[in-house]
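What follows are several structures.
One chain, subunit A, links the two complexes that follow: it is found with subunit B in the first and with subunit C in the second.
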Partner chain A sequence: MTEMITGIGDMPIVEAPPKPYGRFRDNPRGWLKANLFGSKINGIFTIVLGAGLLYAMARLLKYVFISGRWEVVRSGLTSMMIGLNYPRDTASLTKPWIAVGLLAAVGGLATGVALRRRGSTWYEAARPWLPVVMVGALLASLTETATPKLLAAVVVVILAIATVIGTRIPPERTRRIWIVYWLGVVVAAFALTGRELGAPDNWGGLLLALYVASFGIVISFPLGLLLALGRRSKLPVVHWLSVLYIELIRGVPLITLLFAGDLALRFFLPVGTEPPGRIMRSIIMIVLFSAAYLAEIVRGGLQAVPKGQLEACQSLALGQFTTLRRVVLPQALRSVLPGLVGQFISLFKDTTLLGIIGLRELIGVAETITSYDEFRNQGYLPELLTFVGLLFWVCCYSMSKASRRLETRMGVGVR
Partner chain B sequence: MTSETTDLIAGAAVAGGTGEPKIVMEHVDKWFGSFQALKDISITVGNQEVVVVIGPSGSGKSTLIRCINRLETHDKGRILVGGTELTRDPRSVSAIRKQVGMVFQQFNLFPHLTVLDNITLGLRNVRRIAKKPAEEMAMKQLVRVQIESQAKKYPGQLSGGQQQRVAIARALAMEPDVMLFDEPTSALDPEMVKEVLEAMRELAGSGMTMIVVTHEMGFAREVADRVVFMADGQIVEVGTPDYFFTGAREARTRKFLSQIL
Partner chain C sequence: MNVTAPRTPLPAVPIWRNALLVRIIVQAALLASVIGVLLYLLSNLTTNLKNTGLPTGYGYLDQPYGSDIPFSSFRPTQSIWDALKVGYGNTVRVASVGILVSLVLGVIIGVARLSTNFLVRTAATLYVETIRNIPVYLLVFASFFVIIQQSLPPITEAFEWFGTTVFSNRGIYVPWLDGYANSGTFMIVLGLGLVVAAVVAAWRTKRFDTTGQPHHRLLWGLGVIVVIGLIGYIALSAPVGVTTPERDGRVVVGGIAVNPSYAALLIALSLYTASHIAEIVRGGIQAVHHGQTEASFALNLTAFQRIRLVVLPQAFRIMIPPLANQFLNITKNSSLAVAIGYYEITRVTQTAANNAAPAPQAYSILMLLYLSFSLSISLVANIINRQLRLESR
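Up next, the complex of A and B:
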């Protein structure tokens, strides 16, 4: 006779009691009682904070929909996007749109490829684009003529088409697809600057911030990596040069460096050579600055890789470079990804410091607009700065989201 | 020391197995700062021989085998593997590491790579084998340690015993002449020890030259050709398992055996 299994050893199997409250949808009263009014003190907190929150919401909504005078943003939109002095002829104005279109194509392609490779749903693939698309739609709605609205629609179409194309590529052929991505980004950069190397100094606004930040991130990361490796090098000269560089740069505020780059860089160049433009000079200084911080973040990650990993590589006779590339760096960079992205975000926001050396970044543009005759002395700055804040937020939030997705992806199977 | 044991230690220099010497250590000294970890170690391991090294912790067992593939650098004496002398020259180090596989106490699998990629990494980057054949070779070793169904998983998803078997497969895939085991079962839960020892037993049966540092006396008794007892950085006694577990002469050996058996 087979006996029913009623327990393991002396322990009877007991069904877990159902929770007295589930999701809000299932049992609103229970949920409220458990989560918001669990005790007297909790109840008081809920009421006080709730009231404060409602008040703040009401003020915010009033500001956004009633009292805010957003016509100032509408009239200054172009300047906020590309700068006050960016040439306004059709050919010049087309360039940023071409760049945006290319980036949308790359982004869509990447989304499509990821969609297929990871078998995620359309909703999951579209979600990261949500803030960008929403702000994009807001921008399009603020434009005064039909052309930009039309172009924005074209960009969305490109994004969608590229995504569909991405899903059509079989996964086994996407191993080297990152080359296509980078190619697209580089072409986009050249679409902006044409044959000249680097950005001309009449750029401003969001274009300036994004251009400087992208270049800053892309160049300072490998530099920081090299510095981190240099600091851990057994060769004394390499080690001490790296330490010297890192400590020297970290001991100086970015503003000082930007001034130094703006004023003093020419003294380090051979006589007769023209120094690069002001924007390029500031990119150089931001790269040098950021690399020192990145180096220390990466070093933290390198130190966190257990010694046993290196010994396993040695016992397999793996070369030093392979060990670094295939074993050490993937683990080290993964563990410091939040720190790295934090540094990237702060680099992006540091582009506002470029105002100090006379470049018209977003805040500078906002201030200038309030000095125009039609807006002067009427307190328009809050609206403009709110808008600037929104632009910065959407960029930073997207970066932070992207980093968290990357983290989950890289975290597969890690103990 | 009695004259007989002296003979036995001297006997360490005579290769067992097929008689052809595979690993030769001559008067090897190793210092960690002012602490001498190895004192005048001389031993010869023959082709296809299985040598088990036992001894109390801190006696230099691990250091001994870690010197053989240069995870530690010996300070004095000579080490030869398959006729190649281990020197400062990176080419000699690399040549010897290609002949010698190692299994660690903590497995040291690469957590960010799948089981299969753990094994193919060395095949592809050291032996320059293309992806497809490398994966076939890897699968062959996984079958050998009976873990082929886990090939696509990550190490963190496996039990300790499974991880250690992957580590054995990873080392074997490089087709080494010699395998070193550094306390391969010490980090395992008791119920996992058996499966790892089983894989090692199979390996010994296939004629692999092995040096095993372990506390598994059962394994030593059944599989070892010779047992080496170390204490305080020295080889105290060397002998067949029979000799060892029935008639060890040195007081230190007897004391150690009585403590663990």
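Up next, the complex of A and C:
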């Protein structure tokens, strides 16, 4: 890592560069000259690209507000959210709402606690929630009945109340608060699935995508941690087994693993054993897949722990396990968190591949809806795919923004 | 752990605290259990295969494949092994062209993200942030089912672009080269031209090394090839020509047909990978120390010289490992073709497994093929990386 020399004594060598926009705040003409019409070529670029962008924007606006036939999204919304075959009775439909409410409570609580602990402003605390609330509002506006709108409002209220409660907890009592968070998440998962924690095969849509991605990341994390430690181990057998596993998995595409899980896994089970359900088979493969990638992320974190830390532990005669548990892992995992979010995002995007092996995730639902009698052969696919894309985009973009903020705040990579 | 010669003999280390012994035992136990589990799975596999009446070996590869492969001369009576070869070629075709297209696009967009022009910068950022956060499968799916199938006209109403290209949802027909009588000889002439060009370029480089005058080896080399090619073309009385596709009702004659699935896959993968490469390029350029740029200003280098000779070589060094990763990703993502009917190795394997081939063996071969891609790409990347590595003191 290169170190920037910023000054000797009081003499600054390198001045901080001027803020790009501040310079032109009162000088729009200067801004135009510097940013758009600096030279002849720049001017040509500006005009051509400006025209193109304006045209694209006009087309987009026309598509969104005039030509797009969004009623197809409206009528398929429930299927997009929970799947085509999810039972539609009240008891079953309540489960996802309970889970969403619980997650909102956990999220609100975490926001409130962080708000007080860090002394950040309300605006800073609300910012990560803005896209979530916006998508919620969009979805609520697309519903055909009033009940989901009401329930969405209740969720927002829960979020707000939990945030306020979070700010009331004194910081010295929040040391073990993460237990409460985990409890909330686990209870939410059980609220969805009932007693057996597996996902039944009638799930689909966003529910399936989010469940598979979350389940996958949670289960594969300990595995990935073990593999990362194994790869750094001095024992040759442990090292090479880990390397072999990681490189084998990283060398093949996820879809081949999913196919193998779907069609070949049952051959490896003891004779007469019934293979697990289709979704569970995919989750198993996704966990095996994700563990290899997480191992590499965690390895990066382990490598970032300075050697001096280990030497200090040795001089304190700490045992290997204590060194790992008390010194190495706390520092390594801190720097791993953004990578973890990134892995979650890519897993979430990869859940679309479940559609290829015949599960009905968002794209699969969209495809099925276009085969319904009322929508068949009328070219409704663009509208549905736009909606799916928007859903993915908002989720992934806001998560990656949040992870980048996390990175800056924790000073990852900065010593 | 090693204790240097103690004065008074210490009590003997008990066996369970003997570090070396413990290590060996732990590792042996681990290895034995891993092998044990694998053997157990393998025995399950053979029993299950026998019970279902499927072959246990790889002999099935010689059986007929049983289906057509569109846009190829493959016949259903040929073996599964031959089908895999066709699929391998198709994977290589989409991956290699995809790598080239996405690299060019990605470099342009990555540089554009650092442009001083506000609009250029914004457009590039918009592109990157939009595409990166959408699943690649959605792009593949949309580009096939929306762009190709829904937006392109059927063959009877095909859109003909200035009589050179025919767009239809059954295929895109583009102009192609057509060899006549002396085309073989012409190829040899061109090959010779390439050799002469290499020699000329080497001479220019040597001259540059000794005299310091600008070498312009690329210009010289290209010039040599063009001159030799032109002479050969005239001497052999026009050995190659261009055929343009012409549509007559449902039949298109001339040109070459591009598989619409291939086009869709190539578009989607290139657009997606370009957004990732753009970020790598941007990161690489930003990682070059600003002092380098300032130094090239101080030396009065032109903007082109600054970027070509100072910034890019240093940025490239940082960019190689992540770029190799993206090339690997595009190869792996080409497996998404399975959903849109482009017969690369995954699709071929899936069809074979659906017909009669035993799934465990079929997918093991598929994984081995992908591993061969991965290993060869990382091998090349490692070699380049070693050549360009900064010699640290």
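Note that the second predicted complex is superposed on the first by the 359 of 415 C-alpha atoms of A that agree within 3 Å, B and C clash if a C-alpha of one lies under 4 Å from a C-alpha of the other, contacts with A are read in each partner's own complex, and residues count from 1 in each chain.
Definition applied: contacts are C-beta pairs under 8 Å (C-beta built on N, C-alpha and C of every residue); 3 or more make two chains touch, one makes a residue touch a chain.
Here the structure is a predicted model, which means the values were calculated and not measured.
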Which of subunit B and subunit C A:Arg334 touches, first, second, both or neither: first
Touching partner for A:Arg326 - first (subunit B), second (subunit C), both, neither: first
First, second, both or neither for A:Leu381, with subunit B first and subunit C second: second
First (subunit B), second (subunit C), both or neither touched by A:Gly308: first
Touch count on subunit A, higher of subunit B and subunit C: C
Which of subunit B and subunit C A:Ala317 touches, first, second, both or neither: first
First, second, both or neither for A:Cys396, with subunit B first and subunit C second: second
Subunit B/subunit C common contact set on subunit A: none
Residues of subunit C touching subunit A in the complex: 23, 26-28, 30-31, 34, 41, 44-45, 47-49, 51, 116-120, 123, 129-130, 132-138, 141-142, 145-146, 150, 289, 332-333, 335-336, 338-339, 346, 349-350, 353, 359-360, 362-363, 366-367, 370-371, 373-375
Subunit A contact footprint on subunit B (complex, rising order): 69-71, 94, 97-98, 100-102, 104, 106, 108-114, 121-122, 125-126, 153-157, 170-171, 174
Footprint of subunit C on subunit A - complex, ascending: 2, 34-36, 38, 42, 45-46, 49-50, 53, 235-238, 241, 247-248, 250-253, 255-256, 259-260, 263-264, 266-271, 345, 349-350, 352-353, 355-356, 363, 379, 381-382, 385, 388-389, 392-393, 396-397, 400
Subunit B partner contacts - residues on subunit A that touch it in the complex: 306, 308-309, 311-312, 314-319, 322, 326-327, 330-331, 334, 410, 412-415
